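In the two complexes below, chain A is the common chain; its partner is chain B in one and chain C in the other.
Moving on, here comes the complex of A and B:
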């Protein structure tokens, strides 16, 4: 099973013969088996040269760069060997036709809300007020006729979902509302960091398929971001990141001491990041039994299968149904 | 007939859907699929002294050529019909250019070779296949059909990705 490598320290990533080594500031070298690497995340200051890029290209490894605050900066993707102009044309046709676009945008939103409700159900008390409110708002999502209308309806559901966080977080972590750029409290810091990881993981998986990552449906297709990844993240953020945040905080595996405050932003410190990354990696490797493939598949692979389903939808094979955890 | 690869003729005989997907560039052979890797290694190392990957047409290559003999290397003999049709296609291409050769299918692991000659019936078969391939590629994606080979196919996860119908909320 290929895995993601997270480089937290500063140093130099280099190619030695046909494999990878990371050398930290103290000059300590750590080998990284190139054959078993899926993608690399650079969270520290890292030097490298083109000879490294050649090797990464050979093995189809993407790397993602994050800034000092842990925000996603960008990705190096090797030349894509997977090209299907036919699929890209069909994918684009689904953006240009408002009805087709709405179908997909709604699918992403509804699957996301399904997972939000699931989080409330699994972590909440017996108080059903929050989920009842969200359920009562679903009509507005379903009947939305434009993207802004859909976004608005989704926003309202999400608002209620975040209101529920106060009840879902057990150990008295401070929580008011979602705040981004900068996150104002530890919980927001975890969500922001987690969402960045989700986004890059999805980019890596989309990259392994013939889909065009810039052609998206819920989010405006954009030249600055791989917006298809944002679309798919709607489904998986609540399923993977939020539930991870609850687990880590409620079990006290991450505590107040794992954060630091900088220029009005609350951020994970390096121990906190390590803990979160380890848990994230663990979660992505967790398997569930796929009902059609009839075998265990990891959360990471579920993302790839989501991409396959979209391809099938675009080429007129099988109507897309978003992934909704059923257990 | 243009732009039809040998492997596409092979896929045609096995699974029309695989042929269609492959032709549209939706491919899964390079995803680290075990049998594909096995096949590649065999392809690399078998018959090292013969000419390798000989180009018959811009789109068509034959595994090995040794004088008047074309050789296609296969992992197993389980798809003999498809293997034969693929070889007939190669022989057919050469015949269009006025070249006559013999085909050999090598099942190296099973220590078996099968000779293939292009006769009138064979030529007829190739023509019919090429016409059908053209029709398939011009049409929509052929619907999924469960076949005995599905479990070993590199396209399996694509075909089987999807949500089960029950328990929808």
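Moving on, here comes the complex of A and C:
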């Protein structure tokens, strides 16, 4: 129920009367109920001071910072009271054992491919050529013995998946291939922006559990980045971001006029960003009936459940089965 | 659950109650707050309010368990809030 706040304009975020206030450039103040806030995304230029940080840490609110182009810069997460050395040791043990690591890495990849196929099936024409090709490549994923081999097989599947985009996108949106840093066309811009949002959302959710966000399986656990969120994003990127991109473009809710071109990079303009964020927020709040829990859970909470399943797997409670949309 | 909270408290405590409620809900009119809130959060909020209140004060809480059952009409100026984007 707690909401994410997106700050698109420039101004000042401050603490007053033990709650949050956003003051825009014109000096107009708007209160934000702190108890209802999940995390804050700063996409505009925003000032703040440490007393705001104190309040955010008291309420365990993360904030994410994006640069001028909408790329993810970083996150302030309050001191995490949820730590468990035992789980971290077990989590690391699963990286060190090649067999255990492969099991998890494969799970992420297979769930991701499951969602890619789902997208093709749901948005595509009757042409089954693309999904057949992907299905025929699944063997290579299953039989991969090393991480690079798995990554390669996954890359090939993804290649075919992106080739299928041309068919899935209606309304004549331009599409050649996936390009990033910088995205070269509107569709790529949407995917890139969406993926940044996905990573930050997953980081927020991982932080609510005892998992260590830097110890990952599919991606090499290197330093300087929260690679576990990249791993989990494999599952949710096609499910959430890609299908959102299709919906928005095919229903013309986002059009050519919502993009701007800068030095060869195509980016969303402020209206486009706002539309995408509104749709993303809406999507994360939609609920589905969970078969095991037997209650309504939101897409956002599904991500947290994924983290809980991993913990159970690490401590030897229950074998991890990746989330695959069944509806 | 959707709640509407109205309060009538001594002048000295109006500010305190207002500030407390601002942490949890959206301010709609003088002495009126409303918004979506979880049960636990509401209990926490009311407990905190209890500490501020004096004997002659009163707070009314209107609960709508299913927000779909809420119909809200506004006459005159509507202060609608954008809760997500600023």
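Following the convention adopted for this analysis, the second predicted complex is superposed on the first by the 327 of 327 C-alpha atoms of A that agree within 3 Å, B and C clash if a C-alpha of one lies under 4 Å from a C-alpha of the other, contacts with A are read in each partner's own complex, and residues count from 1 in each chain.
Everything that follows uses one rule, which is that a residue touches a chain if its C-beta (ideal position, glycine included) is under 8 Å from a C-beta of that chain, and two chains touch if they have at least 3 such contacts.
What you are looking at is a predicted structure, and each value in this text was computed from that prediction instead of being measured.
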Just to be sure I read the superposition right, which of the two partners does A:9 touch: chain B = first, chain C = second, or both, or neither? second
Once chain A of both complexes is superposed, is A:19 in touch with chain B (first), chain C (second), both, or neither? second
First (chain B), second (chain C), both or neither touched by A:274: second
When the two structures are overlaid on chain A, which partner does A:30 contact: first (chain B), second (chain C), both, or neither? second
By the touch definition at the top of the document, which applies to A:89: first (chain B), second (chain C), both, or neither? neither
Both chain B and chain C contact which residues of chain A? none
Enumerate the contact residues on chain C facing chain A in the complex. 19, 22-27, 35-38, 41, 45, 81, 83-86
Show me the residue ranges of chain A that touch chain B in the complex, using the header's touch definition. 81-87, 114, 208, 210, 291-293, 304-305, 308-309, 311-312, 315-318, 321-324, 326
If you look only at chain A, which of its residues touch chain C in the complex? 1, 3-9, 11, 17-19, 22, 24, 30-36, 274, 277-278, 281
Which residues of chain B touch chain A in their complex? 24-27, 30-31, 140-141, 143-144, 156-158, 160-164, 167-169
